[in-house]
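Letters A, B, C, D, E and F mark the chains in the order given here, with residues in each chain numbered from 1 onward.
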Amino acid sequence: MELVPGNSLITATPQEGRELAIAMARKTIGAIQPDADVRHLLRPGYAMSADSLTAAGHVVAVEFATIAAANNYWRDNA
Amino acid sequence: MELVPGNSLITATPQEGRELAIAMARKTIGAIQPDADVRHLLRPGYAMSADSLTAAGHVVAVEFATIAAANNYWRDNA
Amino acid sequence: MELVPGNSLITATPQEGRELAIAMARKTIGAIQPDADVRHLLRPGYAMSADSLTAAGHVVAVEFATIAAANNYWRDNA
Amino acid sequence: MELVPGNSLITATPQEGRELAIAMARKTIGAIQPDADVRHLLRPGYAMSADSLTAAGHVVAVEFATIAAANNYWRDNA
Amino acid sequence: MELVPGNSLITATPQEGRELAIAMARKTIGAIQPDADVRHLLRPGYAMSADSLTAAGHVVAVEFATIAAANNYWRDNA
Amino acid sequence: MELVPGNSLITATPQEGRELAIAMARKTIGAIQPDADVRHLLRPGYAMSADSLTAAGHVVAVEFATIAAANNYWRDNA
């Protein structure tokens, strides 16, 4: 199962880094719960709970911290 | 969908870095729950729960840690 | 709205860094819930819940980690 | 009990780093709850709760941050 | 109110760093809930909840990470 | 009370670093709840809750991040 799209943490821009963070967070869930039907069943309750959304946002922030460090914060783009 | 306003982590000041952290945290939620009507429905319950607010503040703190590192903590401003 | 008092992460001492961490954590909550009356309503329940206090302490610890790094851990003060 | 497969944080690729992060997270649980029957009993409830899955994903993100730093973010692979 | 005992993150040993981490975590709670009677009232329920203890341990771990970095991980002691 | 076994973060291998992380996490709990009888009473409920186990695993991951950095990620072992 692919866990890191492109098998690299290096991205061209912060925007792409953020998309990678979201994708990596999702792929972890897929690795733990490989049944796509279950994941789709869970989605409505989760996507309508503010606290669940905040918790998901927290995970994305942690993933992004790693990706941003990997890319030296895209400082050369600035 | 724009996930990082300005597509850069570099800001002029800590205040702008903090605003970016809040904006990035919000845009992640928008990416996970793209329906603005649902997000507005969730807001009152969330904004009146101390624990929900603390959890949101935690996410902002994590986002800000990344942005602060990207800006070398704005030490030259000091 | 002021999110970083003094618009700088640089402080003279760890004590001042800690005060800044607490202030930044509080100002984020103020940005998310700008209604001071609601914040005051929420305070008693929050301040009498051990778990809520621990969660708030967690956020302060995360903010302080950033501030401490910004100040090179005040090693020259030691 | 083996807690770090291969007894090294160094991996060839981000994908392998991610697999190591998941494995390390699981082995910690095994160290705290060594009874495999209990762990299997817990699994269905856990794997069908969105919030439990998000919490597990959070742990993987934290483990991965360490592994990614150990590997200098696999920048030479990029 | 004293938030960082000794107003320094520098300690002689990891043991002392850990004691500082616990003290700093406690002093934050004291800053948020300054009424010692309330804090004592909350203590029994909190100290008999495994999840509350784990959450408190999490905060200590985060505080300690900062203190350990400040002390260059006490590598010269090793 | 001993909070850091051996009073050092330096270990020979990642495996030993992981064992230290688990031991440090446990000793913090012992410092907050020094009554061993209470800790043993809490253990069954905690060790049979998937979410409690995940939370404990999270703390171990945070402790390990510090220990791994202290050991330069044991890169010379690789």
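The rule is short, and it goes like this: a residue touches a chain if its C-beta (ideal position, glycine included) is under 8 Å from a C-beta of that chain, and two chains touch if they have at least 3 such contacts.
Just so it is clear, the structure is predicted and the values come from calculations on it, not from any experiment.
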### Query
Shared touching chains for chain B and chain D?
A
### Message
If you average the CA coordinates per chain, which chain's centre is most distant from that of chain C?
### Response
D
### Message
Farthest chain from chain E, going by mean C-alpha coordinates, please.
### Response
A
### Query
Between chain E and chain C, is it the same set of residue numbers doing the touching on each side, over half shared, or a different set?
different
### Task
Could you tell me the distance, in whole angstrom, between the mean C-alpha positions of chain A and chain B?
16
### Task
Indicate the whole-number Å distance between the mean C-alpha point of chain A and the mean C-alpha point of chain F.
27
### Query
Which parts of chain B, given as residue numbers and ranges, touch two or more other chains?
51, 55-56, 58, 62, 65, 69
### Query
How is the touch graph of the chains shaped: line, ring, star, complete or other?
ring
### Query
Can you list the ring's chains in order, from chain E toward chain F?
E, F, D, A, B, C
## Note on the structure
Seen from chain A, its contact residues with chain D in the complex are 2-4, 7-10, 24-25, 28-29, 31-33, 38, 41-43, 45-46, 51-52, 55-56, 58-59, 62-63, 65-66, 69-70
### Interfacial residue positions of chain E with respect to chain F in the complex
13-15, 17-19, 22, 47-51, 53-58, 60-62, 64-65, 68-69, 73-75, 77-78
